[in-house]
Amino acid sequence: MSLEEAEGTAGMTPNPADLRRTRASQRTLVWWAFKKHRLALVSAWLLAGMLVVIALCEFVAPFDDRHRDSEYTTAPPQVLKLWDTDGPDGFRFGLHVDGYTSTQDPRSLRITYEPNPEDRVDVGLFVKGEEYRLFGLIPMDRHLIGPEDPGDPMYLFGTTTDGQDLLSQLVYATRVSASVGIIGVMLAFLLGIVLGAVSGYFGGWIDNTVQRLIELIMAVPSIPLWLGLAAALPAQMGPVARYFIITTILALVAWTGLAREVRGRFLALRSEEFVTSARLDGSSHARIMFRHMLPSFSSHVIAALSLSIPGMILAETALSWLGMGLRPPAVSWGVQLQDASKWSVLSGAPWLLIPGACVVLVVLAFNFVGDGLRDAADPYRH
Amino acid sequence: MVRYLGRRTLYMAATLLAISLMVFVIISLPPGDYVTALQAKYNVMGQGLTAADVANLRMRYGLDGNLLEQYWHWITRIVLHGDLGMSFEHSKPVEEVIAPRLGWTIAVSLITLLVTWALAFPIGVYSAVKQHSAGDYAVTTVGFLGLATPNFLIALVFVYFSVTWFGTVPSGLCSPEWCDAAWNLGKLLDLLGHLWIPMIVIGTGGVAGLVRIIRNNLLDELRRPYVTAARARGVPEGPLLRRYPLRVALNPFVSTIGWVLPLLLVGDIVVGQILSLPTLGPILLGALKAQDMYLAGSVIMVLSVVTVIGTLVSDLLLGWLDPRIRLGHQR
Amino acid sequence: MERPLQPLLEISGLHTGFDTYDGRVRAVDGVDLAVHAGRTLCVVGESGCGKSVTARSILRLVEDAGSIDAGAITWHGDANDGTGEPFDILSLDPRGKRLQRLRGGDIGMIFQEPAASLLPLRTIGAQLVETLRIHTGLDKKAARARAVELLDAVGIPDPKRRIDAYPFQLSGGMCQRAMIAIALCANPSLLIADEPTTALDVTTQARILDLIRSLQAEHHMAVMFITHDLGVVAELADEVAVMYLGRVVERAPVDELFADPKHPYTKALLASVPVLGRDRGRDLPTIPGAVPSPLHRPSGCSFHPRCAAAVAGRCDTDAPPEVDFGGGRTAECVLYETEGAST
């Protein structure tokens, strides 16, 4: 005889805001909550931008990833300028950068480059450059930005010790590193969701076995395991094969966390009424698991995925930097940072750390998006 | 408690077995084995091995027979004789390569762990108790950055500033004049003077992670009914925080030993690459690159065993701290 | 029993709100209540009507996102026993000694989830002894001896052994008894019970109510009992306050409330309680609609969208007047406007 039972449900007109709330789908509600998370929203846009860059990588990068200019090795970044006042004909409008003058240290024989305002390199948008195939299909030779004369040096982020354009390399490396993270998490997710679902849905001895397996894998420190597996790869393996095997190795070690998350959700939902009614309706186990239960916590899954990508990216970066992951000619952030490992080089060329800033930025963005989604999916935890 | 102890120990044994299997897989994965590698080496030097030598060597390392027999041979030699195999790269038994460095590795890791805790605990508590304060935002921001930055990048940035400001990079764990000296105050101070660099590099990720854990846990605990109830009966705020939520928030802190240790060991690999420490990290990396698999596998195994022991210790501490675990009560 | 002139505790114009993503929720929106020494006041209402927040506001236990915006909570306890002046609890230093003494010393409080209200990592004895020592200044040994007596007094069997038990080793009912022992350890003159029996099964519920009643008689203590259960109200209350959406809509002595409810909400509530024999074979009447969100409080009388007797053009625009019928009876409703004016 509590008052809760006294509440009827019969007609009264709720106010419009309540109505909007009750009629909105789960996904819309999550989206509303997510939009309030300013940092997460900014991060989501950043990641979207990154995806565009990845897709249009050949077009965005001024040069090819094999482009090498032995005339300018370890040259500093140039500043992109819109006008120029001290040129031969006074004020001149137009996108350009300063060229370089080089000086050689007579004792160490080391060449250092300085920007030279006298030497103007005209820069254009949508300029003709090296030929490529967009999406591997459409033959093109236009680049988003580049020197008007393809032979001129335009190195906005400077060059590497090999004379490669750091910016172009960074664009290509973003494609490799970010996709290792995303594809790796997808693989881990497949494994995690199947085992997690089975474990949480059936419970009992199946759950016990899977849980013990997960705990065993988690007990082994992951990076030494990654290192060991990666070291066992034959040295002469091609870059594409290596890319996929490294991704798989990362995924094989990382699926456990996701599996736990999924299992917890399935376990909690198992005794819900809609699951019982689906079962009484004669739905198959697989249908109940993946058509009824999984969609009910898809936002949580997406949040968990987004939060696992950083770990994957960081692992690939560390592995490649140590020389155990991807290897040149493949470029990833870790491979790029190898260039900065020698302190004698790094001290004169701090721009070699730019890929590191990129790692931090992307990892932060994935973390913020994941956090924002988790909070949005779980308003009561907050 | 006895049942709990027994269960944890049994569990540790199973984990060790699994680890040994994985390490064996890693050792056996690359094409060829120790003896074929040795043969190749001798061939290059122009002094071929006789068939009898080869057969002897294969016997000794148990390389004939199927994988299971090989594993059995390998693991029994480790358990019964402490024989981890031969290092191809160093041309001496693996245990002789590892032993002198193991002490330093554990010492650096433990000191870093203690410092990590000493920093993370007060910062995390402050950040949770003063939620939404400027200090909390600063801590959270730095924490996010710390977690997003690979520790080798921290090391690189550190190296860059060290070179531009001081013109050099400090290396190793002791200055040349102290390295061979007997232990005294001067050597200890010198050691501490060198240790803070690897500690910063190795510990940043750990501190950031722990601060985040303790902050979230404490925030959860601060909202629990028992806090309100204790306040309602007049427990002053200071003792209230210490005796109630902090005690609960300590639990996950203790259980992190398990994952902080491997993190620190990995940091050691990275720092070793740049600062050349007398620890296991650089050895592991060298062995992996040279596919010196007995050595690499053994180092991985030693690191894993240390981790597993760390986990056991944290489980025991947890049982001692938390009566629910000690008395076998399931939550 | 003669009622003292001054009530023990007087709440007037209390407003307590919470900040949420969607704006500020006025959980308590102008509540006036009085608790008299030795008497039992039951505050009754549906979940979310602000009754718990009112109770928590008294000891200033409102959680982080919430705060008390206006009002006064006057404690007359000191004045009544001649040790001091009445004072406003809301103007006390939040970290000061007086508030700390008030919590657990003058006013004891018990909660809805007894097991969660005790720290699982410390024995109930440790938590009881801690409170005893804060408020009585006994030494460790004396406090422990007193703790055993208290546990015995609240009906915990084998208290010498149970004092070293952890909360998770005890049942919900036993935990609530331990909570009561802690709440009463300093002989408070008021016990605030915030739905203390909701989480317990029916038989345990009855025993805990018996215990509270007998302890109240023994200690001559006032009780403010928060509940949504009209059965409990009938059994325990001297006076009743009915709350709806953060306001007290009706106040009455318990017999009068059940015999002659005034406010349409109270009437609807009483009608929805099944009566043995009478209600066999017919549907129980329900109150149409659901409690609106306090974020979107209806204009005028907040009950008007669900009220059968609502007057169009009046109830949906004007706040209802509070009508005083005398003898501690009030109702917030236009239906009695003329009656109220005459008294």
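Residue numbering begins at 1 within each chain, and the chains themselves are lettered A, B and C in the order written.
We adopt the following convention: contacts are C-beta pairs under 8 Å (C-beta built on N, C-alpha and C of every residue); 3 or more make two chains touch, one makes a residue touch a chain.
What you see is a predicted model; the values in this text were computed from it and never measured.
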Per Cα centroids, the chain farthest from chain A: C
Comparison of B-C and A-B by number of C-beta pairs in contact, larger one: A-B
Inter-chain centre distance, chain A versus chain C - centres from mean C-alpha coordinates, in Å: 54
For chain B paired with chain C, centre-to-centre distance based on mean C-alpha positions, whole Å: 54
Inter-centroid spacing, chain B versus chain A (mean Cα positions, whole Å): 27
Where chain A touches two or more other chains, by residue: none
Residue numbers on chain C that touch chain B, as the complex places them: 56, 59, 61, 63-64, 95, 100-105, 108-109, 111-113, 116-122, 127, 130-131, 134-135, 166, 168-169, 179, 182-183
Complex contacts: residues of chain B adjacent to chain A: 11, 14-15, 18-19, 22-23, 26, 29-31, 144-145, 147-153, 156-157, 159-160, 162-164, 169, 258, 261-262, 265-266, 269-270, 273-274, 284-285, 288-289, 291, 293, 296-297, 299-300, 303-304, 307-308, 311
Partner chain C, residues of chain B touching it in the complex: 131, 223-226, 228-237, 243-244, 247-248, 321-324, 327, 329
Chain A residues touching chain B - in the complex, by the definition given at the top: 212, 215-216, 219-225, 227-232, 234-235, 310, 314, 317-318, 321-324, 337, 340-341, 343, 346-347, 350, 353, 356, 359-360, 363-364, 367
